[in-house]
Structures are given as structure tokens and as C-alpha cells.
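Okay, structure first, notes after.
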Amino acid sequence: APSTAMDAGKPGPATGLEPQTLSVYAAASLTGAFDELALLLEDENPGVDVQVTYDGSSTLATQIAAGAPADVFASADQKNLQPLADDGLTGPATRFAGNTLRIAVAPGNPLKIENLADLARPGVITVLCAAQVPCGAASATLLANAGVTLTPASEEQNVTAVVTKIAGGEADAGLVYTTDVAANPGRVEGVTPAGADAVVGHYPIAVVEGSAHAEAAQAFVDLVLSPAGQAVLAAHGFLAP
Amino acid sequence: MIPRLLYLPASIGLTLLVLPLAGLLLKVDWPALPALLLSPEALQPLGLSLATASVSTVLCLLLGVPLAVVIARSKPRVAGLLRALVTVPLVLPPLVGGIALLSLLGRGGVLGNSLELVGLRIPFTTAAVVIAQTFVALPFLVIAVEGALRTAGIRYERVAATLGAGRGTVFARITLPLVGPGLLAGTVLSFARALGEFGATALFAGNQAGVTRTMPLAIYTAFNGSGVTTDQAVALSLLLIAVAVIILVLVGTRRASVLS
Amino acid sequence: MTPALWKSAAKALLEANLQLTRGSFSLDLRLTLARGEVLALLGPNGSGKSTVLDLLAGLAIPSRGIVALDGAVLTAPGRFVAPEKRAIGLLGQEPLLFPHLTARANVAFALRVGEARLNAAAARAAADRWLDRVGLNGLGGSVPGALSGGQQQRVALARALAAGPRVLLLDEPMAALDAETAPFMRQLIREQLADTGTSAIIVTHDIVDAVVLADRVAVLHDGALIDEGTTAAVLAAPRNPFVAALAGVNLVVGTVQKGAIVAPDGRTFSVRPADAADLDATGPAAAVFRPASVVVQTEQPRHASPRNVWSARVTGIEPGSGGVRLRTSGDPEIIAELTPAAVADLGLQLGSPVWLSVKATEVSAYRR
Amino acid sequence: MIPRLLYLPASIGLTLLVLPLAGLLLKVDWPALPALLLSPEALQPLGLSLATASVSTVLCLLLGVPLAVVIARSKPRVAGLLRALVTVPLVLPPLVGGIALLSLLGRGGVLGNSLELVGLRIPFTTAAVVIAQTFVALPFLVIAVEGALRTAGIRYERVAATLGAGRGTVFARITLPLVGPGLLAGTVLSFARALGEFGATALFAGNQAGVTRTMPLAIYTAFNGSGVTTDQAVALSLLLIAVAVIILVLVGTRRASVLS
Amino acid sequence: MTPALWKSAAKALLEANLQLTRGSFSLDLRLTLARGEVLALLGPNGSGKSTVLDLLAGLAIPSRGIVALDGAVLTAPGRFVAPEKRAIGLLGQEPLLFPHLTARANVAFALRVGEARLNAAAARAAADRWLDRVGLNGLGGSVPGALSGGQQQRVALARALAAGPRVLLLDEPMAALDAETAPFMRQLIREQLADTGTSAIIVTHDIVDAVVLADRVAVLHDGALIDEGTTAAVLAAPRNPFVAALAGVNLVVGTVQKGAIVAPDGRTFSVRPADAADLDATGPAAAVFRPASVVVQTEQPRHASPRNVWSARVTGIEPGSGGVRLRTSGDPEIIAELTPAAVADLGLQLGSPVWLSVKATEVSAYRR
């Protein structure tokens, strides 16, 4: 795991695990936070190597269903984890974080976009996540709540693509997670639209059934849920579950 | 005339290619299939895919055949270099092709800026889909046609010239018909590749229903939506495969009849 | 072959000076072709005949040298006129019919892009007439793959002639033709070249082609010309074993009179009945017979079948490939080939008076 | 012998293929490049990519050449059908190939269950990478070689048979050398395709450093990493392209010298 | 051609009964070939000669029919032995040298996979000897693309002979060869077939090939055999215009005595000095001369060059392609070709006594 500076305060509960390699499958939006959490667990348990695989939640869910050697699965939405839990492929799912939406714009907000209605302004190129992915579902709810209808230039397959388009100048604005704005300083700037905090996306986590490292997996889940873990998540812009 | 020993690896090869597709069939939710396949969510991307892939294939022919001729008739060294350049896009992971196209034709891109000045915006348009598909499919056409041209050689072209035929006439009446099978193979390959193109399209053209959401993008979107039960994605994939097989078999047998 | 034609080669239609090296083979020769002249290019396998034709047609570029047609330079250092702009046609050693076109379409192609520039319908109709002329009536719809070797060669010949170039280069045009057809095709080529005034170079291994078609003969060996001159001169006095092997004929160029051929010195040659039928009108013609056919006697023959009998004097006795070659007086001089035993028996010496006789059935005749 | 008119579209075609790659160069953070390219994050995936793509290419040759021979020497109708089947994987969007392979060889898959019983697990291993690459690259080899075989015809094989040569000898000493250029082209194409393979690998093999993270997956990971630093992705792409161009040019000029 | 050989055809080595339809062309014939026999297959372009060879070699399958070699069925309904298992070699109408192999490697290939099954080194050495025999010494390292048409044909011939099959099918093996080389290649084929006891079918448009190489001649026309028999019989009495056009030679099969050939009836034929040199030993040989060369007189010729003079009676007078054909008594009968005028002049009738003379230089000789 990369050596990102940690700003977490206290370490979590010490467990003293055997040396082993733990495989964590995590939604792509968790990248920065889970890199740090992996490091935390490794520090506490010398000899334990935490390998985090990031990808879209549905990709990871499909792979776990097909027998991927994952020990922990952290999804960006309930929809991708619940069926696995229902089929007994994972243990029970626990919510460990929440995320809200922000309007992402180019640094300095050249088009002066201040609210959701501005996204529908003629001449503004807006991109959203596809309604099928978690951030897209949240975006739809947020826009509906605000009574704004708009046709996005594109419905991207994931948040990263939305951020890329705005950072690259292809699009003027889009709805992304708060955490994405935090992870891309200098590339995009966040604007908080009215009613944003009312729409929260929830992240569940579970230990994969039949994991050869069940004890370490549980320790990682515990770490994520612990105050220390929550502090790391908060530092990356996540809300409490 | 086929050494008997070859049949074993040949059938393993065919199995490797066909069995996974058969595996897909097992995943299909058959009762729900007809309704799904007739829904606009399925038909609109299919129509867009067929339309864009057709246009891309025509573009590939218009640009690729001349390029293939130039390579095939160049000196060995030059040809080797050109062939390598043409092959590179094949190596590009899907994403990188998208990044490359954006860096060229996107808003901050080298050409994109100039185009913006004359009021042209390419990303997020159907034109972007066509460009992305052409970019990835063109190498197939060029390499197939170049190979055919090289094997056909220039003997018949020389004969035509001694009869008094100008270069244009020779090209249209001798060269093109002679490489007919190779040309058809290249066309089929590039159409297939354009039809399946996902990566560069997703990044460069985006994903807007009716404008840039081709079948592969629709499949990906469906996959992201349905999570573990890949039903809808599988159903759409089957539709794409079925259409492709029909087209390929139609062209293939027409081609066979041309050859025989 | 007439003096007039041979002289006009000075103001040649086609002039070439060619040097080329390919591996261990090297070519170096000068060649001219007069307006309307037909040159037979002879030589053993690998002597460079096909290479010369390629260089003239613009299908190969010489290391050094020049090709000029009617004063216009086609090939020279720094200059190269494309084959299709040369008006020089080439029938290569292989038929190379366009495999995707029918026999008819192959010939029609030449009629559309060549001198005639016919439209599609006219070209098709004319192509069918051409196929008829080469004896392939009814095979116009066949693709080359469904034609026999000889049939393909005939289509290729029709195609080359139909293109109507100013200079036609024919590389072994009679190869693969059956014995019955060959004379007809030879006649077809002769008439077509004469009617259109086309100059031509014909590569052949068959001396009959040279005799019937050519005014002049050039012999190539190892990339160099080793013999050149009118057909009669080269054949009468072969300067190397290769020419001797294929030559060795008496050639009498004269005029037709009452179904026979009259030589410059007035001697009359009766010819094969089959050929005599062709000699209905007057005009130039050639009689050809082999020195071995000439019977030599010291007494006047009587009650004998030979129709051609003359007295002459022995002007030369020399060894030849097939025995002893006896030269005899007259214009042209007639050569007789005898066994040494016969020469001894008859006591022949320089100046001996002899009676020569040749059966008419041994004399072929060709209109020129 | 090239009609002059063709040069314009040929250069447009070449530009379309090459310019986007040039566009990538503009995106490179040159000062940071050397360190990045020499880091284990770059070299490990590169090594894995080259190794797996090489193995896949060998597999493609072993399975694909026999398959190409069978297709080329089949009756027109059968050949048309087989050719269509072989072409289908080209149409598959990257994801679908992965789904298909998982549904066949994954847990619960038709073959996957049986393999599990004998203790073999293929998905998420390096073997899975090779299988995914072979699956997507095989069609290229088959189609290129089949075309070459068809153009070469059977005239020389027939001559060899009348001289007394058995089928194996004819295949090894006549057929294969005759289609040498086509074989080399097919090999290059399938190697390139294997090197660039992303979609099926990502789903079927996963993305584990040192085991299944090939270059395209590393690029994807870098692209998706915290902070949209496309820099690293671009740098890795450049590395991949550079390696590919070197290999292609080396093979291309060798091929040229074989041909001339 | 000896009676013994012709009879043994009853217990034929190769037997074929072939029917095939291709478009408007259809083939239907029976063919046998005795052990050690050489058959010349003649016929106009498109008559089906190459098709027959393909059917025998297993490169084509007849619609109906059978091919059997030495009693083993090779082709029959429901049975087909692959070409490489037939021990029937085929030199096709085109040389088709393997383009990726040098001339040496092309021949060596045949030596490795054919009858000889030599190892690589031995095959290379033997291939070089073969190239030497076809006059291509020093060209072993050339690829086919760097060889002239005639050179390619010679390599293909060497390759076909080197394979050493039990039956060899040669499709126009002399096409593209130069005039000086052709006799040597003909001799090479003759010796090789004789030395190895190989049976052969030779397709040719040149009557000399049939005379020199073949025991028997079969004439194909439009897919059917229209004439068949010993070479002498077919040539002496051509049954259709096609054979007549290429035949018309007197063929005397006899034995060598003092450099001349003695016919069955005891008449002695002096031959061309060049050929006489070859007749140093005794043994079977053939003398060939054209009917047109035979001088007919009603008085005994005196003081004349012809070395061969006999008296005979006229046994037949019939019209021929080249004039009037006069059959005369003797074994074999000698045919003379005269103009109608000569026949009238000499007052020839059936039974007339005549003196025949033929110059030795007109008589070719071939060892058999």
C-alpha cells in the first residue's frame, strides 16, 4: 500500500494477527481512504499485507460471485452488496460511510455556476453519472428534489469519468461526490447546491463468506467502523454512516 | 490435404472461441428476454451501433484502402515502419485511445481548440462515436487489405499497364477486384471491431441515449445497474452477438460464393 | 527484309541501348526497330530475351541506357515514361489473363483502355470477334481458370493484339499452341501487324516464326547480341551453333507467278500444293526449304518426281552441323546438305557443275 | 503504380491513426517521466504483460494455425460459417468477453465447477490473463493466416503431393513457409491485441499486482487512482506504446527483409 | 513399340476408365499403359490432355470411372488414394517451382520425399548433379523468381524426374526450351525412363517427342480418344486432320548396323552424319524421314547425292494434306508425298514400279 501521510489520531484496537495477505475489494471512490486504512492495519499487525483492489462496485460484485479471492467487500451502494449477502456469499453488510453530492466545476468557477438550475443553463455542458450507478441515482434524486430537469451531454459510467471530463475541460459542470472534489484539489472545484446534504449515498461493507482470512477480514471491517477508521474516512470527505 | 494431426488443436481453438459464448446463453433470463429485446432501451442503442459502425466502416474503406495501397507498394523499410505505426492503435488499451483522442480533439486539445473557434465541437456528439470507432477499426482494414495487395502482387497491374490502362483504371478494374476477398475480410473485421468498440467511445464520446449510447455502452450501463445479476447486460450482449453473427454469416456466404 | 525496310532502320522507330546487371547475369546491347519492321529475337534459355522486352516496355529499368520511340525518350537517366504511356504492348511469356474477368472481358479490357478506346458494348462485341479469330468462339464466357493452357495463350494473344500498340513485343507467342492451330495464329499475327503497320519484336524458339513473321533476326547470347541481320542472311550463314541448330533453311524471297515463286535470278520454285493454293494473286512471297532436301546430281535427273530442277556450280564446300554444306551459284545461292560419302561419291569440288533438284512438297511458301 | 489521387486519403488515414498518439505526448509530465517509468509500479506490469502476451501468442499459434488451415480448406459454406464464428469475439465489448469467460470458467460456471472439483481454479490467476488474452487475440491470427492460406492456394501443395510428399511434410515444408508473411502478420496482430487486452482480463482475471495486473490494468488503476492524475496513466501508456512500437518495427523490418 | 511391349499392354500397369464433365466440356475414355511403356498423348488445345493427367495423378476426381495401378485401385466410386500415395509423378503444364526454395532445394525436395528418400546432405548433392544434367550448373542457388522461363522449366523437369515415381506424367515438358537444348532434354527423359523402367505418359504438341520418346500414341479430341496405336502406325496413317498436321513421317524401326539402320525387310537406311555418330553400337533404333523427302523416279537414279535408294511398287495413291501420298511396298511401307503434277508426269498408278531415294541428311536416327 502506498505511503500516504496519515492524519488519523489514535490507532484502532490492536489485534495481533498472523502474517498473511488480506484482499480487500473496494469501490473506486474509496481509493484514498482505504489506502490509508490498509496501511493502518499493516502498521498494527506486522507481517500482514493488505491488498486493495479498486473498481466499479458491480465489477467487484460480479467477480466475488464468480469466486474471486476477496476477503472484504466495500461497496458504494447497497444494491451491489445485498444480493451477495442474501445468497450467503458474504456476511451481513454494515454501513460504514455516507457521501453527498457536489457540483464540480473548473477551478475558479469561470461560468459562475452556483446552483442546480445553472446546470440546465444553455451553453453549459453538464455531465452526470448514469442513473444505474450509485452517484447517478443520487444525482437524479437531487435534481428531482430541486425540480430541475436537464439533458446531460453524457451519462458517464462512473464518477471518475465525470471528474475527468470537467478537469479536462470537456464539460463545464457535473455532479460528483464530495470525496471526489476533495481528492482532486486544483483540478476541480466544488460548489454545494441547496439540498445536497439531504441526499446521502450509503457505503456498506462485509466480510466475504469462506474467506481464508476471516479473522483479519473482520479486523479490517472493525478498523473501518472504529473511530480511528471513521476519522480517516472523514478526512477524505465521507460522512458518518 | 489437411494433416490429420491438425484437427485436434483446431477444435480446441474453435471451442475456446465458441464455448464462452455458449456459456453466456446459460446466464440468460429467457422468459424476460423478448420484452427486453423489443424495448427501446435495447433497440435504440442497437440502431445507433449499426448506423455508426456502418459509417465508420465506410470511412475505414475510404481512408484505409489508399493507406494500404501506399504501404503495400512502398519500399520494404518504409513499409515496415508504416505498418508498425498502423498497428499501434491495436495495442492501446481502450481507455488510452480515449485519452489520446481527447487530447487531440477535446476542448483543450491541439485540434479541438481550432475546431472550437469555427464553432465545431466533437466530443459528446455522434461524430465522436464515429471517430472513435474509425480510430480503432482502421488498423484492421489497412492490415488485411495490405496483406492481400502484397500477395496479389503487381503482375496483373503490369499487364494492364502494357495494354495502355492508366493508373486509375488499373486500380479500379484490376487491383480492387483482385484483392476482393481481402477487402471483404478487412471490411468485416473493421465493422466487427467498430460494432464492439467501447473504451475510446466511453471516454471520448460519452454516453447519451440516442446520441452516443451505442450497444457496448448500453451493455456496460446495464451491467453497472443490475449488479450481480447480469441479466440485462447478458441479454443485450446476446442481441449484439446475434446481429453480428447474422451479418457475418450473410457476408461470409456471399463472400464464399464470390470465391467459388 | 526488303532492302528498303532494312535501310529505313537507320531512321529507327524504336531505338534502345540497354545495360543491366542482375546477379551474375549482365545485359549490354543496342537495338533498333524500323517503322513497320518485325524483328525476331532468338537466343538460348536465360540469354536475356524476356529481360530486353521488359526494359523496352517500361516494366524494368536499366542500370544505364536509353529507350526512345519515334524520337521521344522513354527511358534515360532521370527520365522514365510509365508503361501505360509508351504505346508499347507486351505479350509476356505467361498468359497472365486477369483471373477475375472472363475471356471476353479480358480482351474487351484491352479494347477499352488501348488504342481503340471503345465503349463497353462495342468492346464486348469486338472482343467476341477477336475470340473468334483465335478459334475460341463460344468460350467468351469462361474465366481463365476454366480454360486449358493453350486456350489461355490464345486469349492472351488476342488481348495483346486488340490493344493496338505502336510497337508490339511478343514473348514466345506460339508456346502451348497445338500443331494445327499454330500456323493460323502465325498468320493472324502477320496480317494484324501488316494491316495496322505495327512494328514488333518476337521472341521465339521456332525458326518458322522468324521466317514467316520477321524481316530481321537478332540473336542474343549471355546478354549480348552475337548475330543480327535480315532473316535470310542470318539463317543462311549461322554464325554460332545456337543459330545453326535452329536455322539451316534456304529462303528465297521473290514474287508470285502462277502459283509458284520466282527468285531474283528468274528461277521458279514450285511449292507444296497446300501452300500453292494461297499464292493465287501476285506479290512478294518467300519459299523455304531445308538444305537437306536438295538433291545433288552430276547428271540431269530424268523421270523423277522433283518439280524444281536447276543446274548450278559449286561455290563452297564447308562442314555443317548436319553434314557437308554445299553452296551453289545463283541469286539467292542455294545450299545443299550432303553426307561426306555423297560428296566423295560424286567427286564434288569447287566449281563442279551440278544439277540440283528439290521436290515441290519440300518447299513451303509464305506470302509477305 | 499508385494512382496519385490515393495519397490524400492515405495521409488522412495515417494522420488519424498517428496524431492522437502525438496528442498523448503533449500530456506527458516529462521531468517526472524517467523516475516513474523505472518504478516497480511500471516495470512489474510491463514484465507481466510481455510474459502473458508472449505465452498467449504462442497459444494462438498452436491453436490458430490449425484452425485457419481447417477453415481455408473447407467447402465455401462451412468455411463461411466457421469464419463468422471465429469473428464473433471481435464484436464483443470488452466486458462481455469477461462475463462469458466467467460464466464458463468461474465458480458456478459450466466448466468452472468441474475444475473446482479437481482443485483447479482459473479465474483471478495469471492463467486467466493468458486465457482472456488468447480468447481475444485468437481471431486475429486465424483470420490473417486463413486469408494468406486461401490466397496461396493449393497449387504448390498439389505439386508436392505428386512428388510423393506426405501431408505433414507438405504442411511443414511448403504450406507454412508459403504463408510466412501472413503468419508473421497474424502473429504481430495477435501479440499486439494480447498486449492491449483490458476488458476481459479486468473482469475474468481481476487486478492483482504481480499476478494479474497487466499494463492496461495498471493504466486503468492509475487513471482511477486518487486524484485524476492522468499523468501516470499517460506515462504508462507511453511506455506500453514505446515497447509495442519497438517490437513491431523490429518484427516489421525483419519481415520486410524476409519478403525482399 | 516393339510387338512384345504392345502385347504386354494387355496386362497393363496402369488402367483407367475416366468420365468427367466440366461445364460444356466432357471427357470419356479408356487408357492403359504397360510396364515400361511410354505413351504420347496428343490432341488440340482444350481436348482434355491436362485433365486426363490430373485424373490419373489424383489431383482431380472423375464423375465416374476407375484408375488402377498394378492391380491396386486408386480411384473408384467410394475409393480415392491420395496423390502422394500413388507413386504417380506429374510435371504440369506450368513449372510451379516452390517460390520460397532455391532451384537446388526444389530438386532436393523431390529427392527427399520421393522414391529415393535421401537425407538432406545427400539430396543436396544429388540435386546439384540433376541441375547439371539439365544444363543449369551454377544456378542451384537461384530462387525461381530469378530464373528465366526456360530455366524454370528445366528445374521442374529435373524435379519431376528426381522424384522417381513408377509412372511419370509429363505435360508439354519441352515447352519454353530453346532449340539447342530441347534434343538434350528429350534424350535425358528417354534415358531416365529407360534406366529406371518408368512408364510414362507424355503430352506434347511436337511430333518429334512422340517419335523419340513414345512406344505408342493416343490422340485426344474433345475428350475422346480418336486414334491410338504404335507411334509408327498412327503417324503413317493419320486418321484425322489434327494428327495429319503434326504427323506425316516415315518411321523405320530396325537395328543398327555399321552406323546405319536396317529395316525388317533388310533395306538399309543411311542417316544424318550427326546421328550416325550415335549409332556406334548395335541394338534397336529408329529412322525417321518425311514423306516429302522421298524422291520418286521411274528410272534408277545415277550420279546423285541420295545415299538411300530402293526399288519398290506403288501400293496406294491417296490425297494427303501436303499433296498426293504414295504408298510403296516393303516392311515398313514407305510413303512419299508428291505434287499431283509429279504423279501425272511420272504416270504413276497402283502397281507401278518406282525407284525411291532419300538423302541421308534427311534421315534422323534415334536409339531406342
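Order of writing sets the labels: A, B, C, D and E. Residues in every chain begin at 1.
The rule we apply is simple: contacts are C-beta pairs under 8 Å (C-beta built on N, C-alpha and C of every residue); 3 or more make two chains touch, one makes a residue touch a chain.
In UniProt terms the chains read B, D = Molybdenum transport system permease; C, E = ABC transporter ATP-binding protein.
Note that the structure is predicted; figures quoted are calculated from it, not measured.
Enquirer: Farthest from chain E in C-alpha centre terms, which chain would that be?
Expert: Following the centroid criterion, the farthest chain would be A.
Enquirer: Let me have the rounded angstrom distance from the C-alpha centre of chain A over to the C-alpha centre of chain B, please.
Expert: The separation of the two C-alpha centroids amounts to 35 Å.
Enquirer: Roughly how far is chain A from chain E, centre to centre by C-alpha average, rounded to an integer in Å?
Expert: Each chain's C-alpha centroid was found; their separation is 91 Å.
Enquirer: From the C-alpha centre of chain B to that of chain C, how far is it in Å?
Expert: Measuring from centre to centre gives 57 Å for this pair.
Enquirer: From the mean C-alpha coordinate of chain B to that of chain D, what's the distance rounded to whole Å?
Expert: About 15 Å, centre to centre.
Enquirer: Could you list the positions in chain B whose residues touch two or more of the other chains?
Expert: 158, 161, 167, 170, 220, 223, 230 - these are the residues of chain B that touch more than one other chain.
Enquirer: Could you pull out the residues of chain A that touch at least 2 other chains?
Expert: If we look for residues of chain A contacting two or more partner chains, we find 62, 65, 158, 164, 168.
Enquirer: Output every touching chain pair, sorted by label.
Expert: A-B, A-D, B-C, B-D, C-E, D-E
Enquirer: Which residues of chain C touch chain B once you look at their complex with the stated criterion?
Expert: On the chain C side, the touching residues are 57-59, 82-84, 87-90, 92, 96, 98-100, 109-110, 113-115, 159-160, 163, 165.
Enquirer: Once bound in the complex, which stretches of chain B touch chain A?
Expert: Against chain A, the touching part of chain B is residues 102, 106-108, 123-124, 202-203, 205-209, 212-213, 217, 220-230.
Enquirer: What residues of chain A sit close enough to touch chain D in their complex?
Expert: Counting only chain A, the residues touching chain D are 23, 28, 31-32, 35, 51, 53-55, 59, 62-63, 65-69, 158, 160, 163-164, 167-168, 183-185, 187.
Enquirer: If we count contacts the way the header does, which residues on chain D are in touch with chain E in the complex?
Expert: 155-156, 158-167, 169-170, 173-174, 177-178, 180
Enquirer: Looking at the complex, which residues from chain A come into contact with chain B?
Expert: Of all residues in chain A, those touching chain B are 56-58, 61-62, 65, 79-80, 83-84, 125, 127, 130-133, 151-158, 161, 164-165, 168-171.
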